[in-house]
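Which chain is which? They are A, B, C, D and E, in the order written, and residues in each are numbered from 1.
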Amino acid sequence: MTPILDVCNLGIKFGGLQALDDFNVQVANREIVGLIGPNGAGKTTVFNLLTNVYSPSRGTIHLTGKSTKGKSTHEVTQFGIARTFQNIRLFKNVSVLENVMTAFHNAMDYSMFSAILRLPSYRKQEKAARKLALELLDVFDLREMADTLAGSLPYGAQRKLEIARALATNPKVLLLDEPAAGMNPSETSELMMTIKDIRDKFDIAIILIEHDMNLVMGICERILVLNYGLIIAQGKPEEIKNNPIVIEAYLGQQRGE
Amino acid sequence: MLKVDDINVYYGSIHAIQSVSFEIKEGEIVTLIGANGAGKSTILRTISGLLRSKTGEINFLDKNISVVEPDKIVKMGIAHVPEGRRVFKQFTVEENLEMGAYIHKSKSDIKEDIGKIYRRFPRLKERRRQTAGTLSGGEQQMLAIGRALMSRPKLLMLDEPSMGLAPMLVQQIFDIIKELNQSGTTILLVEQNARMALTIADRGYVLETGRMKLAATARELLADDSVKKSYLGG
Amino acid sequence: AGNKTEAPAGTDAPDAATGEAIKVGLLAPLTGDVAVYGTAVKNAVELYVDKFNAEGGVNGTPIKLIILDEKGDPTEAVNAYNRLVNDDEVVAIIGDVTSTPTFAVAQASVADNMPMLTPTATHPDVTSYGKNMFRACFQDPDQSSTMAKLAYEDLGAKTAAVIYNSSDAYSVGLKDAFVETANELGLEIVATEAYGKDDVAFQAQLTNIGSANPDVLFIPDYYNPCYMIARQAKDMGITATLLGVDGTDGVLSIEGADKSVLDGIYFSNHYFVGDSAEIVQNFVNDFKDKYGEEPNALAALGYDAAMIMCAAIKSVADSGMKIDNSAECHQAIIDAISATDMTTVTGHLTFDENNNTIKELSIIKIVYKDGDATYELYGKIAAN
Amino acid sequence: MTILNQIINGIQIGSIYALVALGYTMVYGIVKLINFAHGEIIMVGSYFTWYTMSRLGAPAWAAVLGAVVFCAVLGMVIEKVAYKPLRNYARISLLITAIGVSFFLQNAVQLIFKATPRMFQNIFPGSLKLGGMVFSMSAVVTIVVSVILMIGLSLLVKNTKIGKAMRAVSEDKDTAQLMGINVDHTISFTFGLGSGLAAIAAVLYCSSFYQIEPTMGSMLGLKAFVAAVLGGIGSISGAVLGGFVIGIAESLTKGYISSALADAIVFGILIVVLIIKPSGILGRPENEKV
Amino acid sequence: MKQSILRNNKFRYLLNTLAVVLLYLLIIFLTSGGILNRYQSNMFIQIGYNIILAVSLNLSCGFLGQLPLGHAGFMSVGAYASALFSMAVDLPVYIEFPAALLIGGIAAGITGIIIGLPALRLRGDYLAIITLGFGEIIRVVILNLKFTGGAFGLRGIEKHSSISWVFLCTVITIFVIHTLLKSRHGRAVISIREDEIAAEASGISLTYYKTVTFAISAFFAGVAGGLYAHYLCILDPSNFGFMKSVEILVMVVLGGLGSIIGSVVSASVLTVIPELLRSFADYRMVIYSLLLIIVMIFKPSGLFGRYDFSLGPAIDSAFRRIRGLILRKGGAKNK
């Protein structure tokens, strides 16, 4: 099977710091890949490179066989890579529903002219987008808050809204940067179910950065471990859990309770 | 040591904290647990003077600090590691640490303390000349904790110190908290990772939508069914 | 401090006779960038109107001045004009003071056939809008060409430079006319430099002028920039004879100025403060008494405008017409103004068929002697 | 030798811009506020000096000292009354208030002292010959003072405790408080300092250009602000550099291109520089990590 | 829950249209019925073009989140372009004037794009300074061109700006900007204000939307300039300086960034206030500036914050409140 996302030899330097080097990964459709590693290992940097927020010093990225080279961030999004941010970035002074509808931007194509004159194309597309957005909010149990401002949502809800917004761009690959940060264990396990659900429902591949091992080990089919910008291990959760290099660099000796 | 008595805190018309009271004795580790938005951070911000309570009193070392300016509160011995790191992004790592010791005068003490911090977090030493804004999330968290320690506090309040940290570091940070406590620092810990928090804490309080729901020893809370169900992940 | 702000003269306050009083509007910039000029005019107009009322007014009825500030802004000026006409129902208006607002107001006033008399707007087009628009001063080209001739014929200059304010219509108009006459005469213009409003540093321009080494330097602007330029020119060792315009008048009343730098400036003016004529001396003395400073050309023109206007209204009243806001009365006042033939502070004056004045122009020279500078009359020339 | 003369002219006016720009940059660096009232504080400082010297007959040094103190206090009062209540709101609200304050000062001074320009004595008479070039004494003093102040301020901000507090406050007020910094004092101090600088600029300005009037602050303020931005706002040495660059650019365009278009060309230079280097010549780019 | 008829879209349009027509009739009644004199009626014209200026600036300032300080520059481009056009041609008013306004708008819009393309790469205060710079450049250029009349100003412009024309343009401006904002394009614009990085990650092209928004904002400023030119009949470059830009900005911020109704109200109020203060003569500007400071201190987010008024829901909630009152009273009686 051809991979949906194919990353080859990706690398970037910040000043003298080789933040990422020789990063390779192939992700198949509907796969959930975990990306773990110590703080500062370069995980978020991978996401920034995949979305062309930074341009790589070297390496290539192909989505469904096409290179994303030279595209700007919004074009990459249109192309099919969506993401969430480690430090939540919502449109805070805008309602929850409008946050999601904003991301439907490219799913619609009516012109400014038809917006001003409220032509049928405008009304039809807006209606459809609204319906889809509400459905998306349903997936994340956010429908009741559709009219509240995103900035006044509790932290956990904000994280979920970010995922919903990313999904609204209709991605082929979804990048989640620490989606469970700041959630308590029960919320985290709930989120775990949701992530599985969206993979099934939307038929997409997911790459996930997370420090919560219950989550990572729970849903990832494959895990990559980064350290100092290099992949130091990859494999199935069980293999990673017991890999001495990973324990040494990242997991530490798990003290039992 | 710290006694919080019937505080009510508002954000505009939102009544975020409703008649909350609790106390911390010298030498304890006390943890506040609660869901997202329960009001944990709000309580810490109120104690350090960034927010004001409409009613009640907060006493620290038998002094009413509920109307004292935040900078005076720091001088009295309370340090606060705020939620979301809040490092000074344009400052270098080392300058951030120096800022933590703002209330101290002695240059040599500061130097020594910085050395200690570097021994605890070697990663910070590697990055000492880098501006803090370009650090990774976890590096920033280490820096925030290190910076708070620089004021040599009597009471250290930590707001979700494990957020975004690698498991090994989480371990490490909890170890450090324990160690700090053993060397005499009283700790008020807010954590999502309630299980970890309760394993090192003496006592815990459970906060639900701005109200205090439960107060008990850590051991009791760990065993409590409702706590298990809501906060410890089954 | 002798310079305390005067309370706005009694004219604005309602007094017992208000119901009866004849209302005349005054439009002037009293705040903002050009407030100095508006204030000079306002002071003089008030001075004359008070005097006129004290002497019995219009057969016993006082004239009440309604003074509105327009900040030097045409939009505000039109608002103020409309307010004078529609809310205050004035019978005639003195104003505006500077050119652009005067244009805006002039245009609006034509349809109303409102008698308008600008004391100071020297731009040639000001009176072109309609028969209702008069001016008490001479026009820019007159003084520019006079100055060019003076330079070429009397001072024997072969080369000239100009430094002007490119954002001010008054200054640009004077510059254009000067350059034109100079070209006709064969006076070579060796440098033309511009500056903007609010500029205080002229060294860069003066450096260019200095290296062109002209015989005369023409500075068509009001007295403040003129003084600053003169001073900086001296600092830079420029020896050209400086030529000013009517706006230069008043330069000697600048408090604390180093007057030695002004020595030898020639400028064209509407009148000469030292003129021994009684009307001039009375005006100068009254003005000094009331405001503690010597009146400049703007003030003299304001005084004249008030004088012309009051006389015109009086003559209409004398003819038996009721002074009110009617179209007939407006026309009568307009006719009366155009029939003016009187001696004012700025000389004997009549109006031509285009509502411009026919009068003499004075050329003043500043002479610095023994630590003080004075204006001296160099000569009088018929304008136009 | 006109080119040299034009450069000297540029340095002279540029040193005034530099000095004023320092005040902008100080306040901007800490409060992130374009303090539109800064030009007006210079105006007030000028009037203070003029009044005490020519009306009250005070000696120059006393007038200057008085002006510095007066302006510093005025700056702090403005901050307390007009800016502090808005600290936690959108910066643009603060900007509008600053504009309000500047209108107020301008019109209040006009009401008190009338619109008539006042003449100012040259406190530093004479000139200095250097090689074949002639510098007026006040220009020399201005240049020296702005360079000294630049060095002093850089040291203050980089190395002293209050300087570090200022930088910390500028980044994150809440967290600065958690370090034990008194935010109110720090901001007050910054305004006092910035306004004191304005007074010094005022004196030197008056000494060079002889004349003061109620509206003098606006254009000067604008140009100096442009200088601060060009140099990289928030950067102290940038402000001084920007001041000189603007001054020289202005003088050279007036001298060699067109004095009528000088303002347009200077702004054009600013735009080109900012497009090439978006955070100004010496400004630090904002590193926002995603 | 049953939707109130007042929240029904079609009905709302009808209601809004009706309200606009009524307002127009009221103004016409007041101005040509002799109830207001010319001085007072002319204020409506000034209010009108100031509303257009404020609302259009609010688009790039309140909604796009930039800080442009050169709005008066766009206004002047529009003013001169439209005035030069109408002076050059001689067509019936109902063709010439709209064409002139359109040309003014387009000229300003093109200027907006020329300025926007390089300038919008910058952020925050740097952008502010660049737009300020461009505003000054436009002013100085106009001052030094021959065909604009230079410092003498452009004179002899026909007086076309009647209350009806101004009213029509104001309504169209508000309508267009409002409807645009309530579409995917508007959401894109607002998302840029909220978080540029997240907006890009949601597939929105920053360059495209910033430039287009800037151009639309400039376009309407140009139209306002055209109205201004054909109202005052004289154009003077010094009236389009930095202070004019600041004046418009004050209207926007005072009304509330991101509130169209706020801009409408504050543009109206700020046009009228200086005139009302005339009786305080000398103290006028001092009082004006103090008012400005005081309003900002007590209402930092502007009079209306981000609130936007919509007639349907407003009446609806008013009805509900009244009904609530009646029911409560009725209930009390029954007891």
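Basically, contacts are C-beta pairs under 8 Å (C-beta built on N, C-alpha and C of every residue); 3 or more make two chains touch, one makes a residue touch a chain.
Predicted model, so just to flag it, every value in this text is computed and none were measured.
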Lowest number of touching-chain links that must be crossed from chain B to chain D: 1
Graph separation of chain D and chain E (steps between touching chains): 1
Taking each chain's C-alpha mean as its centre, the one farthest from chain B: C
Label of the chain whose CA centroid is most distant from the centroid of chain D: A
Centre-to-centre distance between chain B and chain A (centres being mean Cα positions), rounded to whole Å: 30
Centre-of-Cα separation between chain E and chain A, whole angstrom: 40
Distance from the mean Cα position of chain D to that of chain A, given in whole angstrom: 47
Sequence positions of chain D contacting 2 or more other chains: 107, 110-111, 218, 260, 263, 288, 290
Per-residue multi-chain contacts in chain C, two or more chains: 5, 31, 166, 196-197
Of all residues in chain B, the ones touching two or more other chains: 134
Interfacial residue positions of chain B with respect to chain A in the complex: 33, 35-37, 84, 123, 134-139, 141-142, 160, 163-172, 192-195, 199, 229-234
Residues of chain D that touch chain E when the two form their complex: 28, 34, 82, 85-86, 89-90, 92-93, 95-97, 99-101, 103-104, 106-108, 110-111, 218, 222, 225-226, 229, 233, 260-261, 263-264, 267-268, 270-271, 274-275, 278-280, 286, 288, 290
Residues of chain C touching chain D in the complex: 1, 3, 5, 31-33, 35-36, 39, 166, 193-201, 203-205, 207-208, 211, 224, 227-228, 231, 235, 254-258
Complex contacts: residues of chain A adjacent to chain B: 14, 36-41, 44, 86-87, 154-157, 178, 181-189, 211, 213-214, 249-255, 257
Contacting residues of chain A [partner chain E, same complex]: 51, 53, 72-75, 77-78, 82-83, 85, 89-94, 98, 101-106, 108, 110, 112, 115-118, 122, 125-126, 129, 165-166, 168-169
